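Naming follows writing order (A, B, C and D), and every chain is counted from residue 1.
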Amino acid sequence: MYYEVEDKFKEECGVFGIYLNNPENITDAARSTFYGLYALQHRGQESAGIAVSDGKSIQLYKGMGLVSDVFTPDEIDNMHGHMAIGHVRYSTTGESGLVNAQPLVFHYLQGMVALAHNGNLTNNAALRKRLATYGSIFQTTTDTEIVANLLARYAQDKMEDALAKCMIDLKGAYALVIMTEDTLVGMRDPMGIRPLCLGELNGNYILSSESAALDTIGAELVRDVSPGEIVVINQNGVQFKQVINSPGRAHCIFEYIYFARPDSTIDGINVYRSRRKMGQQLAKECQDLDVDLVISVPDSGTAAALGFAEEAGIPFEEGLMKNRYVGRTFIQPTQKMRELGVRLKLNAIAEIVRGKRIVMVDDSIVRGTTSKKIIQMLRLAGATEVHMAVASPPTKYPCYYGIDTSRQEELIANIMDTDEIKDFIGADSLHYISMEGMLEALKQDGLSFCAACFSGSYPVQSGE
Amino acid sequence: MYYEVEDKFKEECGVFGIYLNNPENITDAARSTFYGLYALQHRGQESAGIAVSDGKSIQLYKGMGLVSDVFTPDEIDNMHGHMAIGHVRYSTTGESGLVNAQPLVFHYLQGMVALAHNGNLTNNAALRKRLATYGSIFQTTTDTEIVANLLARYAQDKMEDALAKCMIDLKGAYALVIMTEDTLVGMRDPMGIRPLCLGELNGNYILSSESAALDTIGAELVRDVSPGEIVVINQNGVQFKQVINSPGRAHCIFEYIYFARPDSTIDGINVYRSRRKMGQQLAKECQDLDVDLVISVPDSGTAAALGFAEEAGIPFEEGLMKNRYVGRTFIQPTQKMRELGVRLKLNAIAEIVRGKRIVMVDDSIVRGTTSKKIIQMLRLAGATEVHMAVASPPTKYPCYYGIDTSRQEELIANIMDTDEIKDFIGADSLHYISMEGMLEALKQDGLSFCAACFSGSYPVQSGE
Amino acid sequence: MYYEVEDKFKEECGVFGIYLNNPENITDAARSTFYGLYALQHRGQESAGIAVSDGKSIQLYKGMGLVSDVFTPDEIDNMHGHMAIGHVRYSTTGESGLVNAQPLVFHYLQGMVALAHNGNLTNNAALRKRLATYGSIFQTTTDTEIVANLLARYAQDKMEDALAKCMIDLKGAYALVIMTEDTLVGMRDPMGIRPLCLGELNGNYILSSESAALDTIGAELVRDVSPGEIVVINQNGVQFKQVINSPGRAHCIFEYIYFARPDSTIDGINVYRSRRKMGQQLAKECQDLDVDLVISVPDSGTAAALGFAEEAGIPFEEGLMKNRYVGRTFIQPTQKMRELGVRLKLNAIAEIVRGKRIVMVDDSIVRGTTSKKIIQMLRLAGATEVHMAVASPPTKYPCYYGIDTSRQEELIANIMDTDEIKDFIGADSLHYISMEGMLEALKQDGLSFCAACFSGSYPVQSGE
Amino acid sequence: MYYEVEDKFKEECGVFGIYLNNPENITDAARSTFYGLYALQHRGQESAGIAVSDGKSIQLYKGMGLVSDVFTPDEIDNMHGHMAIGHVRYSTTGESGLVNAQPLVFHYLQGMVALAHNGNLTNNAALRKRLATYGSIFQTTTDTEIVANLLARYAQDKMEDALAKCMIDLKGAYALVIMTEDTLVGMRDPMGIRPLCLGELNGNYILSSESAALDTIGAELVRDVSPGEIVVINQNGVQFKQVINSPGRAHCIFEYIYFARPDSTIDGINVYRSRRKMGQQLAKECQDLDVDLVISVPDSGTAAALGFAEEAGIPFEEGLMKNRYVGRTFIQPTQKMRELGVRLKLNAIAEIVRGKRIVMVDDSIVRGTTSKKIIQMLRLAGATEVHMAVASPPTKYPCYYGIDTSRQEELIANIMDTDEIKDFIGADSLHYISMEGMLEALKQDGLSFCAACFSGSYPVQSGE
């Protein structure tokens, strides 16, 4: 399965877990987890895995590719149990490949455990060293295996105590879903950097990176797991335990800008609405812009573009057509073809843009190369002016909390100022939303965000 | 590769051909055809094939699946030649499978020929019988093999004369791209039912089902092939031959409604603009509708919805989120899960639709089952009223010209009147565009359409 | 599936057909054909196919690779019918690939036909030309498609008459198995070059290239199909029709030397016994040879080696060990590794050959390269003398009747005399069986053989 | 890849390792290991893996299937390094599947290690428990992961000391090949149950389960690794360390009877010659047998049959023909077909056996079902008497040292006496070699064997 490298940050992982009290069918847990992962597919397309438990032992199936490539009806039919956890992965720490795919299932002193993780530990090297000194071996390069070994160190403790001790050890960003033979656990880092929420369906409980996955299986959002909290689900129902008092929230702001699905609500904020508001705010900050038409870079820029169009009172049209077919491979065009203007993923609708002054709205610019090509294409299609408005501030700094930003020297905003970027991408003008404007649009009581990729101000230090 | 059965008519095929005078690279023709087919992928996802000629012999590669699954860089690198034709296929007449995939390549008295076909012959049974009487054998059940055998019957004629004779024999809908070792030919049925256009890139000529594929390789649209016309491209350039005087145009109206890409312009009408106009017209016909919000069924309903919103002066929002990930297989939900409201492909954004009176715009309704599910989902998400507006008239009749309509008894508009359909899908009200309104929106000098799926008035009789 | 190029002639195809009057199970015909092809696998490993008929229509499944790679239980379970024909293929005329795999199934005026062919037509070019003049098209480069088109020319005749007319047209070597919806037919060329036999199992009839395939399904050999004969099997039982009086038999002698299975009996001669006799005869012709041990090149030389050992009164041992594992690919050794004596397929058992004077018996030498390597290996393992005895005369001429001999200039016996070959392969002495000796060993009343690869005396002229 | 269940014990694994001082090519180590594993393929067909080290880090590639299915030229070309170890696997302890395939590669305190193991630990449960108490986690169910964790416990020691401590902990049968970034180590259990030998090629050292793999790459056998010995190979050459004084040798006797290749020499005894001698001894013990012909069950019975024939002065012939083609799947015959005598893997050559009194020699009988079928087949083919002679004593007891014997209740000799077995298989008489006869044939100074599968006398107790 091939995905052309897009000029975007990459979300790293999605996690899901379900505990059914009285499943109608022995494969309901696996099946629901399949749908949950399918709904979280945008968070990772490289590998997918599901572990199920029937109360006695845990069974794992994982593979490379999309959820619906990895699992066949036969495999789901073989996964019996009333509990399951699942994972989709892009990569994070750890090289790619099946060995690093999750969930990770292991035996330890007390039985079997399955683990699925979204995030990145900032003290992983120190933890590995410490564990190895005591004799641990590591078969993968994932953070998840570190958590597993850490848990096994505390094997003499009750599970809850062991997890609490782990939470003291782990630094950085993590949303963990853990399954023993009979218990499902969710835990979220003390600043709530990565998202994790709890859902409910007919008295059964679900954990998920995003609420959209709850919708997909017909469940309701109960609430987000709190920063520093552990949620334990078993035959006694659900129990909450605030292990570490949060030193302050630092929710990843890029979930709202680009990663999460528009139909998810994270920590109380609906993603679509927040994008729309950022578009409106952006329009307020671009009042001098005199154009005929608002278009978006599909699909991620559309919500902001609609907000922009409304606020600015300028018509919105689909000026760009996206080809959404994806296969295992892609044939690269020759240099000559590139010069001739091959348009593989996007095409301008000339009839719409011809003779028009256009503002194109996108959610973010990473390296700027795609923006440059699109603007060129719009001019060829007859647009008389092409302005660009970006619904996030310039991305200048790398992320250490589970997002694949390009290397810092590839981030165009790190090496050019806005005027230089405007020239590079060939726009008539370029407008980023202000940091204040973005925060204003996302404003909600009691919430604060990690915006380190824009500000360089990191809530957790590396190595800490 | 799995595509869930959507409640839509299915386009059957896309064709593409290119003749390069001076290719920079021996694989340019194959590579360009790959991109052309990739741009036409929406016209058929079941199989893909490319035949190239280096002037001396023709080489074929075809396979099941998406263009980017069938072809790897290695295969393209092995396809040497300055000419190529390609085909993507859904099915049409002829069972599925690799043997029926196109292009069809064959040897006959004068050498080698490759054929790619979009359409459906209405006299295929009679032609097969006639050819078999003279000793023809058939290894497939495709119309394409009939055309090939017919051509071989006239092997003693000059190619142009042979093709003209074929055109006299063939009845129904066809857009054919034919390649001998040294010549590329396009031909279109006398009523122009299926689309076929001619493009140009630096003095080289291209044939394509849709103009969007020309854009994709950086070429320009010259003009559509005329009904009853043969276009011959070789080292002498391009020549046009009007073989049969068109008895009247009958362009497939569903290309504008749903099949073709919005960025294509077919027989002089841009598809996106035509959909937008149909949306405007639809709004004019729904003036009594008092709602708060216009949403579309993504992606095909969006252009009409934007037109509707503009005309009606009601805000447009993305109220439905589509999951676009597609894999080889799909796990079917259990009955219980269906009842619980599993939402696999579409989800409502509750925050947008909650408490709102909504009109949902779609391009067409075939069986009505999907519309029913979406309306239910919108109500669950909190919409207070859900009205449905359809940018095409009720589809009541099957197509015999290359479109896979469901069986007539499955077409909901064939068995229910509008009021019954409204009840079936659970809408507060249901509005189809009128036949006159639709034709008004598409009105253009000199054009007329086949709208048999709405009217039952067929331009070519079956068996004729 | 990878098969290292061995230094042997290659058999081209195997055919099989079965007609069951009262199958116990609807898949019995397909299943039996699977076993028949599995038993004939040595005749072709490139592709395999089975066509079944349920009396009304014919269904085909074919693929690249071994029989047990191509067919899964699911596919066999889907092949319903009381009749079936099957084919395994190496290549012959016609490039490789799935399109050329057999059986060929086609529709013609009278219905459906499936064809499977072993052999090579010497007048294929002339026949193609003649057919094309009448309007035939060819989608493959196989002889089989020529036979199919020829048959369709005579579609107005009764099947038997049509086949008789075909037999008059076809020149060269052929063993054909043909299936219409309700009748199974076998036909063999007028000189009986390629083998074809008739078997019987509980009143049901079977056609097969070799009798060993009859044994495999528990059937009994009735008799070989006569040269120039057509065998028709249907609900009326079996009927024989001598269409062309044989101008003289010319059974391929290489079937006895190397191609056929030792447990087959062809035209009255058991293959194992004939090889054993050739070994005995060879020993008689090598009476001056003073050695301690007879070994064979496994597996094809073993029967002759046992005969040689018995006649010569010298002990036989397994001096060479063959690695029989075969996978999809093979890693080529570097030049350095070759020099160091990498032994991938064969290894000498040093403990057996050390200090011994050895005669190594093989069935034939084609290019001599393998013999050279083995002799070198035996000397390294400590053999003091290595003599080579070959149970067939020097192979000097290409075959035009369905065998893949190397190109004539690669046949070592075509470019060197026996003494030069002995030096090339590094043997202490080299002994070929005499032509007379070989014929003596095979002597049977009424039989004569094609030995053109040794003598250059061809029973049917090319182009004839 | 499908292998029909044969009525034999199954060898579990093969190991191989190589250290090149000055490789000509960066892939020489991987390539040689590929050939080594190919030569050891008979020891395990389920999975294959190779780990290479370039002195700095270790890279692993493994997969399910035959060596030549798992590795392509591309993969070998990517494996750079001057050291490598490899493994082929049938199964042993631990469920099947890629996760359990070897080598196992892990990081620990001192760097990276790769491990490949043949054998079975008798105290694995106790070791797992002990390790888990200290916090170890287990991702597989293999013994190999136990060894890895044990080694990591001693990470503060020098590697040699750590390995010596492991040897004190490990009980049972093991032949281990271990690779750190810069050192190759071999170690063999204190009784030498499983084989392991050291080879040399131009000053470079190799470790292998069998000497035939040394031959394959052109290397020479130096000597077998001694029971309880560790062999360390690095840039300082090769060093030997006798860690544990062997309490007495207990070489697996079944390596000589069936598992090992005839061209291997293990602990000083050539396998082919030992089988031949057992055949001779068997003949001595069957002097009353009055038959016309000796045949073998191919291929494993042939060496013994040749010895038998020589000693008895009765002619040997190939009376049974084996079909050696193997694919991914196999179609099971219906019950009716079985009754009709389907002969898929073996066929009798009627012309050889008809009218003859036959003794059939095989290496062993496990469940007796195959022997029964063959004897029936020989009678159908016309043999007047069929006697069976077995070159090993009755197999009555399971193996705990790395061999997959059937369950004890399936071992026919465990539930029947010889006379009953004779009746079950339908032989005219049945002769097993005596225990004394077998040991006599294998007699060699200083050697003793584990023959627990015959005697029930186990050299290492389970759980010990």
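We adopt the following convention: contacts are C-beta pairs under 8 Å (C-beta built on N, C-alpha and C of every residue); 3 or more make two chains touch, one makes a residue touch a chain.
Not measured: the values here are computed from a predicted model.
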Angle, in degrees to the nearest 5, of the Cα rotation that carries chain B onto chain C: 180
Centroid spacing, where centroids are CA-atom means, of chain A and chain D in whole angstrom: 49
Chain centre separation in whole Å, for chain D relative to chain C (CA means): 35
Chain centre separation (chain B, chain D; CA means) in Å: 60
Per-residue multi-chain contacts in chain D, two or more chains: none
Contact graph of the chains (line, ring, star, complete, other): ring
Full enumeration of touching chain pairs: A-B, A-D, B-C, C-D
Residue ranges of chain C touching chain D (in the complex, touch as defined): 1-2, 24-25, 28, 31-32, 34-35, 38-39, 41-42, 45, 65-73, 76, 201-202, 212, 215-218, 261-263, 265, 270, 272-273, 302-303, 306, 310, 315-318, 321, 323-334, 336-337, 340-344, 347-352
Of all residues in chain C, those that touch chain B in their complex: 98, 104-109, 128, 132-139, 141, 148-149, 152-153, 155
